[in-house]
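Naming follows writing order (A, B, C and D), and every chain is counted from residue 1.
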Amino acid sequence: MLKLTKMLATALPAALLSTAALADGETIAVFTKNQTNPYFQTVRVGADVAAKSLGAKVVHYIPTKPDSIPEQLSQIEDVIVKKPSAIVFVPVDYKAMVPGVEQINDAKIPVVNVTDRSAGGKFLAFVGADDYSLGLETARYLLKTMGGKGNVVILEGVKGSLTNIDRVRGFNDAIKEFKDVKLLASQPGNYQRLQGLQVMENLMQSHPQIDGVLAANDAMAIGAIEALDGANRKAQVIGINGTKEAVDAIKSGKLLASGDYNGFVQGCIGTMVAIRALRNEAIVGEVVLKPTVVNASNYKPYDVPLDARTCPTWEEAAAMATKTPTKTN
Amino acid sequence: MSVAGDISTGAPRLHLSQDMQQLLYRLLAAGLLCVALSIATDAFFTTNNILNVLRQASLLFFLASGLTLVILTGGLDLSVGANIGLSACLAATVIKATGSPVLGTLTGLTAGCAVGICNGLMVAKLRIPSFIATYGMLWVLHGITYYYMAGETIHGFPPGFRQIGSGYFLGIPIPVYLMVGFLVAGTLFAQRTVWGQQIYAIGANPVAARLTGIPVDRRLILVYAFSGAMAGVASIVFLARLNSAEGDIGEAMTLPAIAAVLIGGASLFGGVGSVFGTFVGALILTLVLNGMNLLAVNASWQPLVTGVIVIFAVWLDMVGRRRS
Amino acid sequence: MRAVMAKTPRLELAAPAIPGTPLLELKGISKTFPGVKALDDVSFAVWPGEVHMLLGENGAGKSSLMKVLCGAYQADAGEYFHAGAPVEIRSPADARRLGIAVIFQEFSLVPYLDVAQNIFLGREFPSKIPGLVDRRRLYREAKAVLDRIGLDVDPRTKVHTLGVAQQQMVEIAKALSQDARILVMDEPTAALSDRETERLFEVMRQLQAKGVAIVYISHRMAEVFALGDRITVLRDGKLVGRALPGETTPDELVRMMVGRNVDMTYPRRFATEPGEVVLEVTGLCAKNGIADITLKLRAGEIVGLCGLVGSGRTEVARAIFGADEVTAGEIRLFGKPKTGGPDVAAFAGVGLIPESRKTEGLALIRTVSDNLAVAGLPKLFPNMMFSPGKARRSAEELIKRLRIATPSPNQSVAVLSGGNQQKVVIGKWLAAGTRLFIFDEPTRGIDVGAKSEIFALIDQLVADGAAVLMISSEQAEIVHVCDRAYVMRAKRIVGELGRADLSEENIVRMGMHDE
Amino acid sequence: MSDQALSSAPARLRIPAVPGVAVALAGLAVLFSALSPGFLTAGNLSNILVQSVILLLLALPMTLIIMTEGLDLSMGAVLTLASLVLALIVVSTQSLVLGLAGALGVGLAFGLVNGWLVSVLSIPPFVATLGTMGAAQGLALIVSDGQSVVGIPRFIRQVYSGEVAGIPTPILIGAGFYALFHVLLYHTRFGTYICALGGNRDALTLAGVKWKRLLIAAYMLGGAMAGVAALLMTARMNSGHPTAAIGMEFDAIAAVALGGTSFEKGNGWIFGTLMGVLTVGVLRNGLNLLAVPSSVQVACIGALVIFALFLDGMRSHKS
């Protein structure tokens, strides 16, 4: 019971503030997939920083159950009731969320698509990274370091998620480029640390020699590293997302590299586009961030606490543009 | 008069020798699994893999062993997984802040235990059905943890501390020693202490237990506190193994933990079950997972296989029960 | 009709006693369960309009025979004849078709269905709209049945809100509603107050007049002779005798049931001089309704607590034991004031032997030794370490001392007879070193043989310096066993009767509601 | 206890005393109307109702199953599987009827297995349905190979987004099934027997009722409703997704318990379940309107469940 009161105590003032805030400036509703994956935190912080710099207000909507499709749909319906100025949208599932996007369109609320490219609906713009080339580049970097030969395993993410499909496709294509590299197994770790660790442990039982590990995200990569350490075995490991712990692991030489998905910048640009559109300023139609492989040589800029980072200027952002805006009204 | 002959309303708790028979039936299930796996892949029956399985089973066992006591009283604790999450995050924070693993460990255990006591109070004093009380607690804990962690992770702990999870002693992983320790302690507590006996009595008939002068409320609070504390233990080993803490660790462990207890032959109606049975249950579940990885079973099939094996194991147990 | 029957010789077996074929006749019924021969070649017949008393100790086969009658069990061997014609009874439905209705002792009621739904469970009236139940008719018919037995409750009342006696009456209504030709009753008056009992007997007489045959199981000799037209006695699953009330005596029947001579006199020697005050209750009021209870109990005394069912006796016991919350007044145990729950009372040396053994006294799914040890755990194992060996030894000792009939201490307590289960409940308190025993209806559902054993046991307890507070609805027990008795009415103590003026008449007069 | 029982005053039904769920629902409604202008609008209210329908469709049969002292943990997974099967069939055949038939088939099949495991093999419901839950999840991944199924024809969409006489179809469907279950529970033999299954099985046996079949029927009803819910879910997402409804069974159980149905003795209340579902719906909607941080929402849901049950506990403890 105490907890109840405590919760409400923290919740209601916050709520009242946020409703009050609706009065002045634009309110941007930012949808992300879950509260648990650090990646989406970087997106959220990016959005916050950008909005602050432009004097707008951000409200975050996150399913209470991680990646819950029905819940994000409900949240969209609820948000439409509140009519925010604009929406920055990371679909929990790029196909299943299309009806939600269409509802947003029907409600005439401008919306920017971030991270996962929605399979349908009208958007001001798409801001994301190309998972495929990200996977490809990072994998290449690993395989080159391995001298183009050896045994590797893949730790897949959540089956059916767009990010996972493309990243793993990238991994496999990279492996095909090196004929002396042997793919021993490709098992699912569902982007989970513990599963990454346990799957790796089990794989090590059946495969005495593993030289490289390609993990579809950093959490699994770190998990795999722990597994290797536990068994006193060495292998080069790569992850994806360029999260803080990945950067630390790179510093300490445990992790070879992490493909930078750069959620922070995605959050920034997504929000900037939304706000600029509201203010009838020029926007871009699509920004697909170039893949950067964070490694021992270039990790410095990523080794900064999130909220201390700064968004790119609009000019820099516009320079990354890969498409001009598709007119929506 | 059980004209209906409804077995599901808790088969009679059988005395030791027959309890042994029960264990044999459960061990048989585990044995079958091992044999099948060793035939299927030669990677299975190796010292390394056995130790590997044992270590993976330990986490589940820590969680399930505490849960066993709760289920013995006819209750249920759905909050253990969420409890791990919170305890781990708090412990991690303390370790980072103070640099002292001891303090951190204490924090983890205390946090876990505190949550358990809350559950106990809700069940014993507020008379909320344990299923709901702990289900509500699960959400509350997730809420607090997410709010507190804000999607961040805390990682990088002192090597000394890491030993708890990833260290070896005489070639055997530390967690395995811990598991054996808690297995013995738990069995002794349940079978060889007055409190343990009273817990069985409460599960068998709470009303009679109260009218026999057993302080039912206090014992209930005790078992939920234990369950919470074991979640604390699990969270510490978890941290030490994964070297990092997130909000959602352990989320996926609640149902497997319950499954382990039930496969171990406990009855949700209370008064029936044993810590050793739970150990076997945890072992079976882990073996299934390990086997599926070794055989590189397609991810899609893994839940299906697990489900079928859970049902089969329990059915085998029921058959054994009806036999004796 | 009586006249005719009176001519029939005693213990004659096959031939019909009266002109006309029996309404229902069972020949050579046998039923075996793993290990037990529940019924062994039992033949049994009822004629229209008679009350047929079925006697036997618990486990003698009465309930098995009942279940065979109502189709809950299928006999392994034997034939059935209904009005002379051979029939099959394979399921409850068959039995119902033959007009057989049974009133079980353990209630066959569903707590969260209402009275009407319970009465017509399985026989709901279809309404015009296919698939639905005609609720209006349901409640109409239910009301009619309730009126017939004079039970004044709304048929829409959920059964779990009714008292035990009312539930018993609903059970009876359920059976009556089937317009049974043959009505089987298992100790129907066990939970009834005197007035309700009278009402029931009235209904039975009406049915008799209508030619309904009633098979009546009872442990109360008074009832046997007051109601019975004919008596059949079972022992160990065998038919041991038939008799006519007019031509036999209680002692003879008891001998048949038990198979040996049992003296039915209560073995009580009032030798012991009352010792120091063990329990002193002053102005006790409790949440459960009792008010201003004041009583005193000395070591070596047996004090009765009597009054009508519902007068608040059980509540007093529970309040003293700490099971129900006390709101005012003081309880002094062994000279020291006592507050707190049952755990405190138990540790202080108070033991409650509740009326409903199965639900409140024992853990049925556990073994005899588990149940014997559970109360004494803190006393037996002061260092909190439990030793199965020691528990087993103390259990074996108690089993010997109390002569509990069980194959082994590891036997599940559920399979024991009522008497032996009662002994286990007493035994668990002995193990706890209890010095004040509170018995609530100690002989309810216990057969004659065991009764005197229980009383001998109680006497032994006081002889050893314990104090006993005894609740009983059987005034005879109170009168014969107790040194003193408090009489209750409407949740209060209305008087105390000393040895001198302790008589059934006084108890009834004092306890009677004045309306 | 005879003395006590007898002395217990004339019949008290459990409905009159205000149940916790009603208090919670009313309280939340007032709170949110006061705090959020958007809450008390026709649009938002129908919005809440529409969102609650799918959960209601699961909670209704769950109430009956819990009344038999059972539990069905497989519902969420079965819903998911049924949704995928429906999607696959509809995409290939363009026929709503076939699709729905497929979904119902899946539901009934799993219901049958659950019921069989519980009543015939007498495996505790918790374990039995925990196992089938895994099975359904697995099959969902297998049939879909972990991919979403898209290309659902428009007319399926209409099931969720359509309107009849200005009322959204989901609300009508929900109302229809609520009425159906009300009748089923209170006006048919089946309903009576469901209550008896949890309350006193021996009573049924003695009344000559074949209760094992009824138990199986109860679980099959649960499966069938999961099939119906699958149609709405698919229409809502305009696709089938292998993780769409994972964990929804616990929401359903919580809603049922929130509504005051107990896990013992067949003590259930269908209207309570409706209120339970709505309470959860109102809470989530209100917190979203107030833009309460997700983490706090999570905690609120938990606190609410405990709070309502706490009130019930107090009430039943008094009487």
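The criterion applied here is as follows: contacts are C-beta pairs under 8 Å (C-beta built on N, C-alpha and C of every residue); 3 or more make two chains touch, one makes a residue touch a chain.
Each chain and its UniProt protein: A = Sugar ABC transporter substrate-binding protein; B, D = ABC transporter permease.
All values derive from a computational prediction rather than experimental measurement.
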Pair joined by the larger number of C-beta contacts - B-C, C-D: C-D
Distance between the centres, which are taken as Cα means, of chain D (ABC transporter permease) and chain C, whole angstrom: 43
Distance from chain C to chain A - Cα centre to Cα centre, in angstrom: 71
Geometric centre distance via CA averages, chain D (ABC transporter permease)-chain B (ABC transporter permease), whole Å: 29
Chain A: positions in contact with at least two other chains: 3, 7, 10, 35, 64, 159
Chain B (ABC transporter permease) residues counted as touching two or more neighbouring chains: 1, 3, 139-140, 142-144, 146-147, 150, 299-300
Multi-partner residues of chain D (ABC transporter permease) (each touching 2 or more other chains): 141, 145-146, 202, 204-206, 293-304, 306, 310
Pairs of chains in contact (touch as defined earlier), listed by label: A-B, A-D, B-C, B-D, C-D
Parts of chain D (ABC transporter permease) lying in touch with chain A, wherever the complex brings them together: 35-36, 38, 41, 43-44, 47, 50-51, 54, 141, 144-148, 150, 157, 160-161, 233, 236-239, 241-245, 247-248, 284-285, 287-304, 306-307, 310
Chain A residues within the chain D (ABC transporter permease) interface of the complex: 1, 3-4, 7-8, 10-12, 14-16, 18-19, 35, 59-65, 67-71, 73-75, 77-79, 81-82, 93, 95-99, 119, 158-160
Parts of chain D (ABC transporter permease) lying in touch with chain B (ABC transporter permease), wherever the complex brings them together: 117-118, 121-128, 130-139, 141-142, 145-146, 201-202, 204-206, 211, 250, 253-254, 257-258, 262-263, 293-306, 309-310, 313, 316-317
Residue ranges of chain B (ABC transporter permease) touching chain C (in the complex, touch as defined): 1, 3, 10-17, 191-198, 200-201, 204-205, 207-215, 271-272
Touching residues (chain side chain C, partner chain B (ABC transporter permease)) in the complex: 63, 67, 72, 104, 106, 321, 323, 341-343, 345-347, 352, 354, 359-367, 369-370, 373-375, 377-378, 381, 384-388, 410, 412, 414, 428, 432
